[in-house]
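Encoded as structure tokens, here's the structure I'll be asking about.
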Amino acid sequence: MQQNKPLISISNLQVSAGDKQLLSGVCFDLYEGEMLCIVGESGAGKSTLIKALQGMMPARCDSFTYAPSNFEVCGAIPSGLGLPQARWVMQDPLSALNPRQSLGRSIAESLHKERLPKDHLRKRVLSVLSDVELSEEFYDRLPSQVSLGQAQRACLARALIAKPKLIFFDEPLSALDALVQKKIAHRMEHLRRATNTTYIAVTHDLGFAAAYADKVLLLRDGTVSAYQSRSAFFANPQSDYAIDLVAAAQSLGALPKAAA
Amino acid sequence: MKTLLIRFGGLLAVLIGITLITFTISYFAPGDKAEAIAHARYPGDFGIPTEVLQGIREEFNLDAPFVHQYIHWLADVLRGDFGVSYSSRTPVWVIFVDNLGETVTLTLTSLAIGLAAAFLLSAVAVRYPNTIWDRGAVVISSIGAAMPSYWLALLLILGVSVHLGWLPAYGTGTFGHLILPSTTLAFWIMASQTRLMRTFMLEAYDQPFIETLRLRGIPEREIFSRHVLRHSFVPALTMIGLDMASLLEGAIIVELTFSRSGLGSVLAGSVLSRDLPVVMFLVMFFATAYVVINSVIDAVQHLCDPRNLNKAKTS
Amino acid sequence: MSLSQSFSISKGQLVDPLRHFTRQIALVCLALLSLWSLALWLTPYEPAAADFLDRLAPPSAAHWAGTDHLGRDIATRLLYGAGWSLGLSLAISLTGFVVGTFVGIFAARSGPAGDFAVMRVTDSFFAFPELIAAVTFAGLFGPSTTNLVIALMMVSWMKFARLARALTVNLGESDFITQARLNGLSSLLILWRHLLPNILPSLLVLWTNSWSRTILSVSGLSFLGFGIQPPSAEWGAMLLDGKAYMQTAPHIMIFPGLAVLLAVMVINLTGDRFRDLMAGKT
């Protein structure tokens, strides 16, 4: 299944703000359709990593390649807005959606650059709404008129409608309650398999990583504490910190049996 | 330290802005300033020779460009020389000091009456929620906020002075002269403060520890006097500081309506007689007082509450 | 919409309460405006027509609010005065609204140095209490309607600028703006679609407040002789007319004052209701 060239690959990513080193020595590569889970405690630099990759923070690296746009850099990552054919699903769906704009229009905005005719655009939005299991009536709803889970589905739809090669997820489930988390996680997984999209997901939930990830990147204080495939990470963690973390999760019963 | 410097720089910039705006208005005000000065110097002398006017223009740099005049004037102001009234030929500073007392008396009396009334009204409203007292307090405060104070003044004069003949209507002097004006101003203070105090007291009631106190069997009266009251004082006082501009405006309207002496009357009189030095000083005084007092309140708040340090950057 | 769907969601939930309320208010305003023009058309009197045989008459069937010292019908003058007192202050506060909002957004969007400069200018203007600035300006440049309007406009925009700036700064950091940027929307489109719809409700509440304050200022300054001059039928100017006849004909000063009080109260209460709706939403 693996092609010879990764979809995204980065080595020795460095991010600093002022004299404080936020991230250093981050390396990973991902092939099409794979999912990377970035785990770590808050403040470890998980969200910084996502922002840096999208050019939203000044960052440097030894090399950074991104296949969809034949993008290759070494040195400073050019600051710009986002990678082409990539979308970003944020942690809090309510702040990620304009409270005074209907869900349909928010989703349609993802295709702003394509300048489609209105009826065509509406059709695409309705079809992506059904992909995330929302009925047509949600097109005209405001974010305040739907549940958190439905709002996060809309955000997912906003990412999917562009048929991106890569989707960043920043704690996509942490604002939701357990049952909704499970449903949306399933939906995310189903859509990834169906469209062969690459996911990079920030999470602090090891159970989620154990269930869905292909690779796990564990951050601690801005440095990589472990970078392994899922099975290796949970069976044979690379570092002491990873060992402690996996053991703790197991003792709490947070991991599925297969991974434990 | 850096934020402190920026704030101080900002304050300085605003103060310069105030002098600039004041000077610009007076610079472009219609009327020959040289003539006004000449009339003040030689009272009763109507045919002022053009040479004298020319001499005054040179003396006061009246023909100099805007920036030149502004800097000249600003230098005088910074040295504490605010000039001499055109019409009465007394130093502006003296006029100010002479009239400050009346305005301060009026304002403080009104503030005392208004706050006491607001306090009683909101305390009753909060202690007996959803009763006629509570509703009444809300209605009174919304009437008071909408009441044109000059109209209230006329109604009071009509009722109390004209019909009942109890108190003098116009003028300054005795204690009796103070009652109607301060009632007028106090009504507005009461209205705006009742609204705030009621909200703050209700918020204080909403805090979780109040329920704990109730469960421990502490009587309502004691909960109110010990805990709710205290919590409502500080924010209300801050609001009073911020609303000082409105208070000053109210005082001026009241002074003019009741023909009282005071800074408001001086301002109106000197504006109408184009007594520029007096006008400029008063306007600048009000603006500077507003800015300085608010900066002090701001600074005190920030010193008291380190959490505000981050918010300050965005506000 | 099928029957089962309309049962599953209550209908009120789908209507945006703010929009609904705004629509209601617009209808009421329209009704009031047509009622007002109808009354202007129906009244048999002219606002400036003196009738010295019928001076200082108390309210009666012929003169609902009586006549003033020149025998002019007060009710008719109040109707015409609404145009001055309400209309003029509406225009002034709307100007402040538009200018202030523009300045505030500009400050928030123009980087630290521009922001600092613009806001310190705003602060400088803000330092002058409204009424004092208006008295000074209108007095020095000669009491007239034009000078009153200029004076009040100069002091009406700062609150909007401050609020618009604060709201814009807060929103600028929010996720949906970031998303819009990532999706390649131009700054102007982001302003129009994302920023304005979200900051307008708060600014509208401030605007109702500003309008009612301006009504008080316009009529107050006219009453003090610094604003609209008699014989114009402005409510404050009418009060000034009535002041001299307070003893013999109190109705001359009662009705204009009542008109100001009622107008300001209605606007204030509408603003309060709007604010409550906003708070209930979030």
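So that you can tell them apart, the chains are marked A, B and C in the order they are listed, and the count of residues begins at 1 in each.
As a working rule, contacts are C-beta pairs under 8 Å (C-beta built on N, C-alpha and C of every residue); 3 or more make two chains touch, one makes a residue touch a chain.
The shown structure was predicted, so the numbers you read here are calculated from the model rather than taken from an experiment.
Touch-path distance (fewest steps) from subunit B to subunit C is 1. Centroid distances from subunit A, each centroid being the mean of CA atoms, peak for B. Centrality by Cα centroid goes to chain C.
The distance from the centre of subunit B to the centre of subunit C, with each centre set as the mean of the Cα atoms, comes to 23 Å.
Remark: subunit A and subunit B have CA centroids separated by 56 Å (rounded to whole angstrom). With each centre defined as the average position of its C-alpha atoms, the distance from subunit A to subunit C rounds to 49 Å. Looking at subunit A, no residue sits in touch with two or more other chains. Looking at subunit B, one finds that none of its residues touch two or more other chains.
Contact of a single residue of subunit C with at least two other chains is seen at no position. Subunit B meets subunit C in the complex at residues 6, 10, 13-14, 16-18, 20-21, 25-26, 29-30, 142-143, 145-151, 154-155, 157-158, 162, 245-246, 248-249, 252-253, 256-257, 267-268, 271-272, 274, 276, 279, 282-283, 286-288, 290-291, 314-315.
Subunit C makes touch with subunit B in their complex at residues 116, 120-121, 123-125, 127-133, 135-137, 139-142, 166, 169-170, 212, 216, 219-220, 223-224, 226, 236, 239, 242-243, 246-247, 250, 253-254, 256-257, 260-262, 264-265, 268-269. Chain contact summary for the complex, subunit C toward subunit A: residues 1, 5, 9, 13-14, 16, 174-176, 178-185, 193-194, 197-198, 281-282. Of all residues in subunit A, only 54, 56, 81-82, 87-88, 90, 92, 95-101, 106, 109-110, 112-113, 137, 140-142, 144-145, 158 touch subunit C in the complex they form.
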